[in-house]
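The structures considered in this document are given below.
Two complexes come next, and they have one chain in common, subunit A, joined by subunit B in the first and subunit C in the second.
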Partner chain A sequence: MKKLLTVLLASFMLLTACSSNTNNANQGEGNTPSGSNGSKQEITVWAWDKVFNIGAMEFAKKVYAEKNADLTVNLVENAQNDIIQRLNAGLNSGTTKSLPNIVLIEDYRAQSFLQAYPDAFFALDEFINPSDFADYKIGPTSFNGKQYGVPFDSGVAGLYVRTDYLQEAGYSVDDLQDITWDQYIEIGKAVKEKTGHDMLTQDPNDLGLIRMMIQSAGSWYLKEDGKTPYLKDNAALADALETYKKLMDAGIVKVISDWSQFVGAFNSGDVASIPTGNWITASVKAEAEQSGKWAIVPLPTLANTESSVHASNLGGSSWYVLNVDGKEAAAEFLKETFGSNADFYQTLVTEIGAIGTLKAAAEGEAYSAPDEFFGGQTTISDFASWTEQIPNVNYGMHTYAIEDIMVVEVQNYMNGADLQTVLGNAQTQAESQIR
Partner chain B sequence: MSTAKKGMSIQRKSNLTGWLFVSLAVIMIVVFYFYPMLQALLLSFKSGTGMNLEFVGLDNYKRLFTDTTFRTALTNTFIYLIVQVPIMIILALFLSVLLNNSQLRFKGFFRTAIFLPAVTSLVAYSVIFKYLFATDGLVNKFLMNLHLIQTPIAWITDPFWAKITIIIAITWRWTGYNMIFYLSSLQNIDNSIYEAARIDGASATRQFFGITIPLLKPIILFTSITSTIGTLQLFDEVMNITKGGPGNATTSISQYIYNLSFKYSSDFGYAATVSYSIVVIIIILAFLQFKLAGDDK
Partner chain C sequence: MRLKRIAEKLKYHNLFIKMFSITLVSIITVAVLTWFVMIRISEQVFMDTFSITNGKIMTQIQTSAEAMNYAVSMTASNANISGEIKRFLTRGQFTTIEALSSHYKVTQEMKRLQSTLASYPIAMVVIGNNGNRHATDTTFWPPTYKGLNEHFITEQTIQSPRKLHYHIDMSTLDGQQNEQAVIVASKAMYEQLSGEIYGVLYFAIKEAEFKKNYSGFTSEGNDVLLLNRSGIVVSSNVTSKLGTTEQELLDYAKQIEQQGEKYINVDWQGKQYLILSTYLPTYDLYLVNTIDKRVALSQMLDVKTLTLIIAAIVFISLIIVFIVSRRITRSLTLLARQMSRVTKRNFGNYIVVSGSNEIKEVGKAYNLMLDELNEYIAELLKSQKEQRNAELSALQMQINPHFLYNTLASVKILVQQGNKDKATATINALIELLQNTIGNASEMITVKQELVNLKNYVFINHVRYGEQIKVNYFIDEQCYDFAIPKLIIQPFIENAFFHAFRGQADGYIYVMISREGSNLVCEIVDDGVGFDMDWNESMPASKNSSHFFSGIGIRNVNDRLELLYGEGYGVQIHSSKGEGTRIKLLIPVSVSKEITKT
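Right, the complex of A and B next:
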């Protein structure tokens, strides 16, 4: 009996030792803010992309430290997928202990978090003024009339073009200003014929181009309520798909399957243009030898859709404060940096090339600086002015669910299926999946 | 202490001790296995995004039958299963018999070399495969230089070839693992049986089908069941090599569950329903395999 007791006691000791260990580990990570009453406070931030998002936060940390030295900001870099997974798991289980105070969420996904976990986020209306930011950023970052996100980077899109290839094919940059996608395809054919280079890359699994096209026309996969699938009878989407098919059939597309091939294609000079978000600038400039050979022109429009403008968005994300201890400190931190500080945004532009969406920032000096890499073009101020024209659409909760359905149906369409049938099928599937 | 000792027979005491030893493991299994399984079953009757879950009865199960993505994922998984598991089992059997040859030199080296893939990280090897099989990757360069093909094969971006790529990848990763099972049981087969067969004039093929296969039967059954289960849970390779694409030509059921939980607006209820469908399928398949290959009685 004595032995038995010893064994039992020992096992209990072991168990408690294990559990207390995990507690210690949690505190060690600094995920639990050390109480909101003390003068010293600690907050944790989760974001992806070391250079871009984490880099921006590093500067924010520096700026804020001058105002309030008592706040310690822990930056944790995680892949975007991991953040989503950990947020979902944490919020669902109701254990907020392991969650950060501030988290970066992509705009396409923001509503699925705000609506799925209604009390998990902290409203920021008392801290920031939504009208200070680009209009199109407000849809994704607010819910039920409350502002939850501090809009961060602009995903404003442009068409990056190789001026030397264009010249060889007989075009100047001016010929590409304010064109339609149909004209773009014609130019692409000429470039391919004269220089042998493809016009652009496309990943059949990523419909970013179609998303840019429909947002430029103020349309989305979902209706304005953000819930009803809007695929069938969506004229802008049909136009975008027809254009996409023309593009793919023109023999000017290099098919790729991932990000590194995407970057590799323009760094090695394989393609003559990149229609994408401004965040690609850093990757384009990474190939210093191509300096002076690039220019950025406004995104083409859909030829048969009246509402289509020369501005759209791809990606972009915003900062959110979780409804946990330390939320006021976190909100205050965001307010003083990303929320209102126009000077801070100048630093972001010069240091990491991140274009924010705070309207006041566009008047700063850094925004009007010419960029020699792009032949002296004032790229930042161009992007900033296009940002203001981006149509505001409601991304809703289901962008990625519908995108996966669309990818399959678009493949069918490419292989010769009828457009209306394809969109009808997609609509039926989306309706059964989204409820 | 001495009062407690009274009234307890030696028999009962040792029984109690036994149960106490077992109890730790039992409690752990119940808390960390059975309880979550029960909760998941309950969850599979709920639906909604994130925290907004509500009971929907059998709606999720009805949705399964009309869900085209689920159907595609299921078909893909079965294609992997039907094509890949037999290839792998036969290959593993073949290799193990070769490596069991007592005249073979550098046996240790070959065994290690073939087993090595099984200890590499799933993600690491998937990423390497993705680059090997890229359109301008090493495999295409190699085949073109050998003039076996004229234009590069779209290993990752073509629906048919993408499936082949996945099958090649999992075969590479798991063949050595299964081979080890066969090798160890081959070593348990008494050499005198083969000797007797040789004296009787049985050819090598005859020996293989008449002695090796029947004696390895339990292990073959075991490996085919574990491989079936493994294939049904396929995730890392698909996620990393093709992301389920092109379209959803290579999506597996596990990846669909992941997408439902984390990629789309998370619907954990429906994801649990899909998970339970795998449970049901595995039970049916294991039962079938026992019936087909198990005891003859």
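Right, the complex of A and C next:
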């Protein structure tokens, strides 16, 4: 009887042990994926623009999967402002939990992050060679002699024009090669008159046009040290603002205030040209019906500024690795794709029209291929040749802080304030704010 | 044959089978009933708790959803009274500079308004009748402004301008994951006084963000859906259901609303569901909580483990029952088998006493009974033997009166003839014979005495019938003192005298007594006519009793010897016609002290 009791007890213990074991096993299984110890790794990437940046990342993911299938790349799309906010919040809080492994940062802002949080980013000198990339990209992406960013797209600017509208107004594409902004305004007036279409769109909150103009003259909101505001007495800026005012007064501008309207305007054929960065190519080509109606010409120059060239830059961004768990995997991922893979850049050019800044990539076939959408123009090689001419400026830490001031002051200038007063006010505000 | 044997075997296990099957059935029944009742009760309890907690959760969801709605409607009314926005949306003609200014101001105004919504990732879009528009964020909505004026959402809004409408934008659905789904709240912008509509304000929020209001409360089988009045799913943690029409659910929700109940139990999509619903008046949406009872229960109540434990308990108890009842019935079966082996006249089969106490007692009692039975039988046998013995010895004691008066008649004749000596000898022989038979009370006598008796008897017979038949004695000398039953040889001599020599003038009878090992062998051989052995009648019967000496005939000798000495002893007769008869008596050697004394 005693024996039986023991057996009974033992079997009960076994039973309960079994059931609790299975529970444990389940919990264990549940825990495994979250741990980063295994060979399987997961990294997160934050970027904006589904078609362009995210699209490029998707290709990078595909390319890398062939080399290392153990790495899972999560792409998170956010608005650029959201990314900036979240990144600031995360870096300020000091916890790295909410941060991604890789983040896309616009070149204009890069220094503000690198200088404010140098320890939060992972230096990539061991992974990439800065001299492999276009020189003007190194300034914004490096800090204290260390390379932090993997330069991605070139922001080389051009003037996208509707050849059919121009033709209607009596112009050919050749007429728009190497013109000044003043000539552009004249053409715009003709177009507006003949076709009823505006020449370009403008968002009063985005002074990209002015930035392109001053960079084409080798000038910027800040002096070369990247810290001192350079608004008052900045001849190039004054010329740019005057040109801007002329443009606005000409009645050839369609005023917009958001991205959708911007894209909508040229997709619906409301405007005849887009002076902007090459990254707009994908959005332009999204409206397939307009194939053959577009051409890209060099950016106009400032008529009264001698140093102004037919090349400038707008936007352009680079990939940064944050100093969090998984940084090596993330760096390795970037090295194998954006960091050195020239073939990969051919894919990017062909598939989404993203022009990289890896020098070796320019020698690839895809860069010299004609684009039927742009009437057979070899747009990529054109952009590449303009890239070489882009004057190198130091965007510094405060580009957007000054831009915010400028938006207000430009508004005042448009409403009739004196240019010098406006610039003087802006200078004062900038100096007090930046210090 | 086999079947029969199995049936035979089963017969003995009948008890066990009955006992075990009854316990088996009852244990399983009890287990199943317990299981069933337990599951049922806990189901009930879980369901009750579920409906209560989920009811509270619903209130919580409602509160947080309404907080959001409050922010949205506040922003909407602020936007409606904003002169800057109104100007932006109503003025017909702008110069570029004015347009720039207006756009800039609206941007600032919208930013200010949006700060009310700071805690929600909501994008605001405003469109005026004049075609002017602005969006605070266009990354997720609208996909394009094209067709927005003719959009279903816009049309609805214009129809009832004072209401804040919540919709799901169908164009953002991909029908599967619906990750890009956007919920749009819209309100018309109108003149406060005239009520004239000059624009539409949209609030776009990713459905993924909106459902954070409640997604923390959902779990597998416990889903939340927001349905509009047409039954379209505006938001749900089940993303695949977004934009689909759930007419049935809507009906349930309306039923709950009308009957004022908190929840109802329904069969929906072939499953048991507990459905809770609240009408969100500010949203004009039904907040529906569906709980798949089975899934919800399976999370709370591990039916599998429970079943396994019960099954294990049943299994173990069945093993115990099997072993115990097997042990009990085994001893019973054994007892029954042993008892059944006690057949007729065989009372020596004692039972091995084993098993439980009760069984032991029964076994002991049975053995005691057998003991007593055997004792009685032994006693009975003994008394019967004694009776027979007494009978036989009585017969032994008897002297046939015929023999007496025949002998006396012979003596009388001798006296008459004057043969005085012979008469005296005869009388002496008779006296000695009578003395030895009647006078000597003891049953056993020595061979010597028996020999004397025989000689006296033979002498008397010679006197009566003449001396044609001679009797010779060959006695081993060492045998003289051995004890034999009285008058055990005499009947055979008598028989030989009167039957063996029929039709013969003379003959011989030999009496031989010798020892063979532990046996005393007495042989009476004659050379008379003999007879064919007739086995039906082992001893020839004599009709004339006048010549008999005593009551004991040859017929009884065998009985007597067997009675005295047991089987293996007795009389053997060999005879055939014309060859005489040989009779052999087998008696164990014994020397009686009493006898030697006398």
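Methods note: the second predicted complex is superposed on the first by the 395 of 435 C-alpha atoms of A that agree within 3 Å, B and C clash if a C-alpha of one lies under 4 Å from a C-alpha of the other, contacts with A are read in each partner's own complex, and residues count from 1 in each chain.
Convention: contacts are C-beta pairs under 8 Å (C-beta built on N, C-alpha and C of every residue); 3 or more make two chains touch, one makes a residue touch a chain.
Fair warning: this is a prediction, and the values are worked out from it, not measured in the lab.
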| item | value |
| --- | --- |
| Fit-or-clash call for subunit B and subunit C when the two complexes are aligned on subunit A | clash |
| Which superposed partner A:Ala282 touches (first subunit B, second subunit C, both, neither) | neither |
| Which of subunit B and subunit C A:Leu91 touches, first, second, both or neither | first |
| First (subunit B), second (subunit C), both or neither touched by A:Asn205 | both |
| Contacts of A:Ala65 with subunit B and subunit C, given as first, second, both or neither | neither |
| Touched partner set for A:Ala79, first subunit B, second subunit C, both or neither | second |
| A:Asp404 touches, of subunit B and subunit C: first, second, both or neither? | first |
| Partner chain in contact with A:Val51 - subunit B first, subunit C second, else both or neither | neither |
| Touched partner set for A:Gln261, first subunit B, second subunit C, both or neither | both |
| Footprint overlap on subunit A, where subunit B in one structure and subunit C in the other make contact | 4, 8, 11, 81, 204-205, 255-258, 261, 407, 411 |
| Touching residues (chain side subunit B, partner subunit A) in the complex | 1, 4-5, 17, 20-21, 24, 47, 49-52, 63, 66-69, 72, 130, 134-135, 154, 156-157, 159, 242-243, 245-248, 259, 261-266, 268 |
| Parts of subunit C lying in touch with subunit A, wherever the complex brings them together | 94-97, 99-104, 106-107, 121, 133-139, 142, 144-146, 305, 308-309, 312, 316, 320, 323 |
| Residue numbers on subunit A that touch subunit C, as the complex places them | 4, 8, 11-12, 15, 19, 48, 77-79, 81-82, 202-205, 248-253, 255-261, 264, 268, 407, 411, 414-415 |
| Residues of subunit A touching subunit B in the complex | 1-2, 4, 7-8, 11, 81, 84-85, 88, 91-92, 112-113, 115-118, 120, 204-205, 255-258, 261, 397-398, 400-401, 404-405, 407-408, 411, 429, 432-433, 435 |
